Amino acid sequence: MAVAITLLALNLGVQGPGHGALLELIAKQWPAFAAYVVSFFIIGIIWVNHHSLLQNIAHVDRPLLFINLTLLLFVVMIPFATATMAQYLTADDQNAHIATAMYGVVLEGMGLSFAAIFGWSLGDGRTHNPVPAGAVGSAWLRFSLGALAYLGAIAVAFISAPLSLAIIGGIALYYVFERTPPSAA
Amino acid sequence: MAVAITLLALNLGVQGPGHGALLELIAKQWPAFAAYVVSFFIIGIIWVNHHSLLQNIAHVDRPLLFINLTLLLFVVMIPFATATMAQYLTADDQNAHIATAMYGVVLEGMGLSFAAIFGWSLGDGRTHNPVPAGAVGSAWLRFSLGALAYLGAIAVAFISAPLSLAIIGGIALYYVFERTPPSAA
Amino acid sequence: MAVAITLLALNLGVQGPGHGALLELIAKQWPAFAAYVVSFFIIGIIWVNHHSLLQNIAHVDRPLLFINLTLLLFVVMIPFATATMAQYLTADDQNAHIATAMYGVVLEGMGLSFAAIFGWSLGDGRTHNPVPAGAVGSAWLRFSLGALAYLGAIAVAFISAPLSLAIIGGIALYYVFERTPPSAA
Amino acid sequence: MAVAITLLALNLGVQGPGHGALLELIAKQWPAFAAYVVSFFIIGIIWVNHHSLLQNIAHVDRPLLFINLTLLLFVVMIPFATATMAQYLTADDQNAHIATAMYGVVLEGMGLSFAAIFGWSLGDGRTHNPVPAGAVGSAWLRFSLGALAYLGAIAVAFISAPLSLAIIGGIALYYVFERTPPSAA
């Protein structure tokens, strides 16, 4: 996951001397900075949750390996999707909508892969400390809400790209304060 | 290995605004995306198998160090070979064949280095849990099949570059579902 | 943090053959090398201190997670701020002042985030080995001096960019020899 | 150290379609590939030796931290020095000599920093298993030979850049087969 954060930061950068006032150069790049912060927290949260989910897993088998690689595949695509969105966010044409929707699709893929790992972990004897039965339902509810929220952001992307980014930022903020799946502590 | 995955993802990217419809720009890059997915799973699988093989090794000596560095040398060349193949895959000339064959050669080098580590691990007292005698033969068989399959993909590259990539993708898919060397569990 | 150091090193580089004497090409890039060394030690120090602070923490909760991600957000911005400063340091105009001040602001944000982690760690039962009461005051004093020194460097940036970089280098040198927070050993 | 290897691999790459035969494009880049292989093994060896040296250290203090950061500073500069040398190696002018000498200087700095860590580790009570008295002398001898060999390569760089690279490759090969400092096993 550190990989994905590395690539995110590569998107930051301004032109060198000779292109006018530095503050204006930076201000014009606000989509890159906003996208960087949003994607940074999204990857940070999934990193922490993924780590605590995997620590609880007793034995890794082939299906889990495959799901996990799929999750990673989406995570490593986030920097690409972020960069594309940041470049097109302030364009006036159809491309801004498509770039932002594509960003949402990558996040949706990431969210669903993570939910699949959680689903796998519910199988008998697969975790050191099974998730309590009462918590399973609320975890699924939260995964579903997250998946729906990303779908909503994808739909909104076709109306307003910046609004879609704001919704995705809101989802990230929500997950900073709310852990999925719930831990016993 | 995380290094190699980082570099893979650097190959993804589209041109900024002003070059036409975004969807068309992305569609034209299908070789880059296909190559990214194939190489991603190849590195992911070798990562997992390498990790479980090394965990079983009791004492690291100079020859193992040298073989291991050679393996890493090939792994870190995968992103370069992937990028070159992706750039040339849809070219109509001889270069498409050469770029794809080169990709196969790097994978062959990686596969042979990994087989060399396995061979080394069969020596007396080199592993915590020796591979059962019955499983050694089937492991060698699988290594040989993999090495032959890559050789086949290299040969096919001179006929059809996309077909060669498809074969390599098939090998990757096969290894996702089949672990080499076999574990006791 | 390794991520941030990776990105730092990406800023080093000279033009290829055909641009004159190599030694002159490198000499003209002294701001990039000076900035690299300063930022390298700043990230190195925060890495070590962060590692020893986190090792002492008994249980990670949501606020700590949030503060920690904020710290990382600033750390990962250091290479961008370093590159921008290095590019503009020898420019004669207002941009040199702004680029250097921006560098100081990112370091100030990093320092305050790290102080916030330290503050959090003082809560009851949050660390394995609580910081001795006598050492808490001196740790806060050092954090405050650091924060003030960065503020000073930001102010000086508007008078002389190279002098500001020299002050920041001095702060880094000070922290190499002085550990914050103090360990018992 | 993974960082430095990442950056090394970034130097590999060929031009896209439309620049002639791919095999010729790659052949023209032989200095980049030779330099990649040499630097790869140099970093790989220092990584392994550094790891085994640090594992033996009982308590990290400020001087060690400072020496270690200095070592890392040189290691992270290797990709830059490698890229510069690879670019200039086949140039006919003075720049080829300077670029190759600079590469040797960075390696010399790395070697001396590593020797300094070894020297530090000889202090009373600093290691779990002190290096046997008899082995200390032979370790110093090998460090001195290494330092002299790099000095020789720097001197040769001013006569023939490719010969200097060959000497450095020979030093790397030597260290692959000879561990410094010697382990008890």
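A few points about this structure:
Think of it as A, B, C and D in the order they're written, each chain with its own count starting at 1.
One rule holds in what follows: a contact is a pair of C-beta atoms (placed from the backbone, for glycine too) under 8 Å apart; a residue touches a chain by one contact, two chains touch by 3 or more.
On a predicted model such as this, the values are computed, not experimentally measured, just so you know.
Mostly differing positions are employed by chain A and chain C in their mutual contact, as under half of the interface residue numbers are shared between these two copies.
Inter-chain centre distance (chain B to chain C, centres taken as mean C-alpha positions): 39 Å. Work out the mean CA point of chain B and of chain D, and you get 27 Å between them. Residue positions of chain C touching 2 or more other chains, listed in rising order: 2, 6, 10. Taken as a contact graph, with one node per protein chain and an edge wherever two chains touch, the assembly forms a single closed ring in which every chain touches exactly two others. On chain B, the positions that touch chain A within their shared complex are 2, 5-6, 8-10, 12-14, 16-17, 21-23, 26, 37, 40-41, 44-45, 48, 176-177, 179, 185.
Residues of chain C that touch chain A in their complex: 2-4, 6-7, 10, 59, 62, 65-66, 69, 72-73, 76-77, 79-80, 83-84, 87-88, 91, 94-95, 98-99, 102.
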